[in-house]
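One chain, chain A, appears in both complexes that follow, with chain B as partner in the first and chain C in the second.
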Partner chain A sequence: MRRGGVVGGLVLVVVALLAVVAPWVTDPAGLDVTRVDGPRLGAPSGEYWLGTDENGRSVLLLTWWGARVSLLVGVAAAVLSVGIGTLVGLVAAMAGGWVSAVLMRLTDFFLVLPSLVLAIALSTVLERGVGTIVLAIGLTSWPGAARLVRAQTLAVAARPYVERAHALGGGTVHVVVRHVLPGVVPLVVVNTTLAVGTAIVAESTLAFLGLGDPTAVSWGAMLRTASSTGAVTAGAWWYLVPPGLAIAGVVLAVTVCGRALETVLDPRLREPR
Partner chain B sequence: MAAAVAVAGFAPVAQAQEEAPRGDVTLRVAVTQEIDSLNPFLSITRTGTDVLRTAFEQLTTYDAATLAPVPALAERWEPSADKLTWRFTLRDGAVWSDGRPITARDAAFTFDLMMRDETARTANGNFVALFESVTAEDERTLVVRTRSPQATMTALDVPIVPEHVWADLDPGAPPTFPMVGSGPFVITEFKEGQYTRLVANDRYWRGRPRIDRLDFVYYRNSDAAVAALRNGEVDLVNRLTPAQFDELADEPGVSRNKAKGKRFNEILMNPGAADSAGNPIGDGHPALRDPVLRRAIAQSIDTRTLVEKVWGGYGEPGSGYIPPVFADFHWSTSRPFDIAGANADLDAAGYARGPDGVRVDPRSGRPLALRLLAHAGTNFDEQSAPYIKGWLGELGIAVQVQAVSDTKVNEATTRGTFDLAYSGWSANPDPDYVLSLQTCAARPGADGKGATPDSFLCDETYDALYAQQVAEFDRGRRAELVKRMQQRLHELAPMVILGYDDMLEAWRSDRFAAFQVSPDPGGPIMNQQSYWGYYSATPIARAEEGGNTGLVLGAVGGGVVLLAGVGWWLARRRAASADERE
Partner chain C sequence: MSLLRVRDLHVRYPSEHAVRGVDLDVEAGETLGLAGESGCGKSTVALSLLRLLPRTAAVSGEISVDGEDVTTLNWGRLRALRWARASVVFQGAMHALNPVRRVGEQIAEPIRLHDPTVTAAQARARVADLLAQVELPAERARAYPHELSGGQKQRVMIAMALACGPRLIVADEPTTALDVVVQAQVLDLLSGVVAERGIGMLLISHDLAVLARVCGRLAVMDAGRVVESGPTGRVVAEPAHPRTRALVAAFPAVGEPRHRRAPATTGEPAPAGVDRVGGELLRVEGLRVRFGDTVAVDGADLDVRAGEIVALVGQSGSGKTTLARAVLGLVRPDGGRVLLDGRAVPARGRGLREHRRQVQWVPQDPTSALNPRHRVADAVAEGLRVHRVPGDHAALAAAALAEAELRPPERYLPALPHELSGGQRQRVVIAAALALAPRLLVADEPVASLDASVRGEILALLLRLRARLGLAALVITHDLGVAWTVADRVVVLRAGRVVESGPVERVLTDPAQAYTRSLLAAIPRARWASRPT
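Our next item is the complex of A and B:
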């Protein structure tokens, strides 16, 4: 488990680094369709290691730059979703009473809504763009986190030391920040990590369905143009496989990494030695 | 006999006939667009009208080679001296697919219904807009009076329906099958989102088709349709992408047809949208009211490169408003691609560049940041938008591409809530309809309804020429007027004509002989102005199945997905086992 987590973490670090340095080590002009002159759907060659797309752009370059959008959206949406979930869960658990009842019914409502359908609806109504995708994923995937955080908060808040803190005159804010939150944070961290994987898949799905920013390069968008321009019929596997493997690889790395973190932060999950 | 025609669609009923025994030769056509309706008064989609054209004759149809109007149900016609009264003489001996004779009363009933009933005008209302009265003087004579001369009288694209069937029906009702028709085929079955089935009309006046059945099978995407063609599951496919068309070049048993398109693709530039009363509507960028800016934009779009890159060379770069396939009316021109020149023009006109390189409109003080509305899911829009954005960026115009649903684009272009927008129309052999889109009369009411505008242009000179051409019956003189109109559009530049895409088709040449294309040469097999393509289908000795590369590729794609799934599942399982081992 641990070793897998380390490998996953390394993969993520490498991918993230590549994504960050892309503007400096590659020439963004290679993404501008008006300035490239590669062959249309050209097979992999010495010049284009992973072949070219229908506009003559390098698939390698597209996959590289696609990581930027996919990772950005993945992380931002996961943070947004877990952030909302944590806030709702914490407030529901600490406030109790009707506030809790209202918040949890709201959570239940979002929990039963099919999130992909809701995300599609949202990104159709709002303007196209990366921000919209983040919002659509974030707003539809928080209920799980809210339920988890509420349960954990209730468990932590019932511990004697929290009661002691109250008895010693600690205000609600003090108790939450100093005593409850530290007990909840590990769970939130793990949850965020796992949510990144889901968010990356959701982003690719939405982009594949054509709901993303049409001018942004992302893995889902690459798969979409590949299938809409007949790359399958043309046998241009080099246009389909790299973004597909990239999505699968990154999501796998994130998941493995999240599971490892879980065992690190929660001693009960550690493998016996 | 009528029952036999109907039954034949469902079961292989052996039936003795004089010369053409009913076999089971079926032409299977793959379509990637769903049919909106098979009601001839309602259908406006490409596929729906294509199916209906094979089942319902019109008064006139179009010559297969030249697209000039030729007799169909009407065997001859004659306008009065003032061009206001038209006398059509219907063919003797033509019968409906149920055996009843086709008379002038059926035609009068059809037009009269369209004049009376708004629903019946849904699809083809523009043809009867100028009609004053329609009467059947006798069984064979139809008299149409119009309020003003109408040059489209010999090109009325209106399916004539049988009065004895439709008299008691609501014109908006879904049809019942088999549909009583007059064309070479009879529609017998329709499953929404799946297929439409037609059988040969034994009573067709030109003679029974050489095939027995015609199936239109719906495929959700064109790769699936191409795979079906390769496997021999369908016989005819159209609207191929350039990559697919190239790939089919060496496919055994498959022949290809590259046809000139009748559609022009354009980008509209909101020249200051206004309603029919002239009051401004919408929220277009005010700078676009300046023709200098619009011409500079048009000059900065390299239509030649778009054709090469986006259409893979299968198309023609933008020229006049009427597509070159209609050679008589096409006005040939070409705007030089010259961003440097356009930049100089804008500098001279006072559009100074701001600190971020984006020009500023000297009149409104607003930066030239323009929205470009694209149809989400349309290949051409999605692929060409990055080019447009790149070129206009060099011109100092910041373009924000918004890919939205077709409905949203239509709404925005009807209400004037756009700066730049993709659009395009399929022109007819008679150019009247697409020309009318640019007149003042095409502007909608204040609520955005009542008319279909294209660019919101309202120009006196253009409108005067439009009125002249609609009343001009000499083809040569009319073509001259139509060309002057296109020149005027070119100068005012309310749109950039991007190009005319070829229609790429392929068919199983091991099962069917070459089809009649229309226009001939250079025309398509499917989506013609008439039914010649399907009617000409001639089966040849059947050969066996082709390759299965599509299947292999599909399996590879599926394998990648499966691999990802397995990896994820393994990760979960390992985590789960760790959980359980506590």
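Our next item is the complex of A and C:
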């Protein structure tokens, strides 16, 4: 488990570094359909290692640049979703009473809504762009995190040491800051990591359905153009496989990394008994 | 031929040598008591008898149960032996029962496993018969574990152990976590079954008093070895080994003047400090606390004077913990008042915080009362931070640790709770309470979760703190021995009402109420203390 996590972590670090340095080591001009001169749907060759798309752009370059949007959206949406979820869960657990009831019914409402449909609706209504995609994914995927954080908060708050802190004279703020948050944060971290994978897939789905930012290259958008421009019928596998493998690889890396983090940070595995 | 014969038993785990050469014999109709502190290897011995240990344990030596050599049996024969010839009453009945199955089905499980030809009707009849033997009505077979009380669950466990008519019963701490009255009933039941059926029993406990009540012979274990064994009367009256002496001393005899205000401690004897008792500090008037429809505390009155140690005793469910929590302001009373220095304790805000500075809590289980992520320094200084006490918190924490006799404090400040022993953890909790210089300690079963040898030390600490700091204490306990060892006055609580209260010497030697007498009669120690020595 630990070794898998390390490998996953390394993969993520490499992909993230490549995504960050892309503007400096590659020429963005290669993404501009008016300025490329490669063959149309050309097979992999010495010049174009992963072949070219229907406009003659290098698939390698597209995949490379696609990582930027996919990772950005993945991380931002995961942070947004877990952030909302943590806040709602924490407040619901600590406040109790009607506040908790209202928040949890709201959570249930979002939980039963088909999130893809909601995300589609949101990204159609809002202005097109990366921010919209992040918002659409973040606003639809937080209920799971809220439930989880609420449960963990309730569990920590029921521990005798929390009661002892109350008996010492500590107020709610003291208990939350000194005892509850440190007990909940590991779960939140793990949850965020795992949510990144889900968000990347969601971004690809939305982009594939044509709801993404049409000007930005992302892995989902690549798959969409590939299928809509006849790459499949033309047998241009090199156009489909790289973004597909990239999605699968990054999501897998994120997941093993999250699982490994879970074993490292899980309070149940750390607390002696 | 012995029912159980163990010779030179060794059990090695990868990290430790848990059992180091144990010899035991149990004859038919006999009960052997195996005593020892946690970690001495007694439960490992119990599990090795039916080869229930994890694979990582390497067992060597001879174990024969009812004439069969357990160490060499093949899997099929071992399964036939388990339960049909020897069965186990496991520790902690609340966890050993499956919460989602009716107890009748669970009792029938071994019967049907060992004889698949038994029909459902026959199995039901057997279960009813077994329940009758453990004095439970037959219709309780349809109950789920959560519908039963602790004592009833333990009876179900015993019925389960008897299901296949075993020749040997191994009972591992069968009465731990039960209160004195229920404990007495369960012990009587077990010894009755042994006498009636002429079977053998190996009874394991950390509590010598429990063993003394039912066992003919005792074996005391320490660090994987049997250090002393012999007839119960002899071992208890004239313990030869220091470990046995510690176990005997840890459960003081109520009514024995030698044990009055004299907890077993290796340090200097604790001073009585009775001269520190002053005027009234805490007063509880007509306190009522309800949880939904259940009335936990029903009009209780109580008072504690400055520098006085008052014991609040009662069975589980008598409302003593709820009363303590009301004194701390952790539950809001539905009626009555709690007064400190003659002033009512405010229910919220600054006033409540100030009250919580004066009155400090020592909760039941120090392990769960300490945040596993906080170092000792943080745990002790927590109250100082909460109340924004001026001064150097690290130095104050160190002083509090020294006051709780964790010396040198520098060694303990950076430790995490799991690196400490149970007794040390309890001292850390006490130090955290002392850091705020309180006037009253509310200690909820302060020694119940601790090992025998540590109990006396913690109780002695309470007495020394009283003598040194004039600290008053309200000690909640189900153990009248604790009351006898430390308290000045005792308050007996039953179903949320005070039944009797007064000086310890009077209430525990000449009780006015029948209920107090029944509590005293249930203490296993009472029987052996009256035995001529």
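As a working rule, the second predicted complex is superposed on the first by the 266 of 273 C-alpha atoms of A that agree within 3 Å, B and C clash if a C-alpha of one lies under 4 Å from a C-alpha of the other, contacts with A are read in each partner's own complex, and residues count from 1 in each chain.
To be clear about the criterion, a contact is a pair of C-beta atoms (placed from the backbone, for glycine too) under 8 Å apart; a residue touches a chain by one contact, two chains touch by 3 or more.
Being a predicted model, the structure only gives us computed values, none of them experimental.
In the superposition on chain A, contact of A:Thr225 is made with chain B only, not with chain C.
Greater residue coverage of chain A by touch, when chain B is weighed against chain C, goes to B. In the superposed pair of complexes, A:Asn55 makes contact with chain B only, with no contact to chain C. Of the two partner chains placed by superposition, only chain C is touched by A:Arg164; chain B is not. Judged by the touch definition given at the top, the superposed model places A:Leu245 against chain B, while chain C stays out of reach.
By the touch criterion defined above, A:His174 reaches chain C but does not reach chain B. In the superposition on chain A, A:Pro44 makes contact with neither chain B nor chain C. Applying the stated touch rule to the two superposed structures, the overlap between the chain B and chain C interfaces on chain A comprises residues 271-272. Of all residues in chain C, those touching chain A in their complex are 328-330, 352-353, 356-357, 360-361, 363-365, 368-374, 382-383, 385-387, 418, 429, 432, 436. On the chain A side of its complex with chain B, the touching residues are 1, 4, 32-35, 40-41, 54-56, 124, 127-128, 210-211, 213-215, 225, 227-237, 240-241, 244-245, 247-248, 251-252, 255-256, 259, 262-263, 268-269, 271-272. Against chain A, the residues of chain B that register as touching in their complex are 221-223, 226-227, 240-244, 246-248, 305, 309-310, 312, 374, 376-377, 379, 382-383, 385-387, 389-391, 401-405, 549-550, 553-554, 556-557, 560-561, 563-564, 567-568, 571-572, 574-575, 578-579, 581-582. By the touch criterion given at the top, residues 159-161, 163-171, 174, 178-179, 182-183, 267, 270-272 of chain A touch chain C in their complex.
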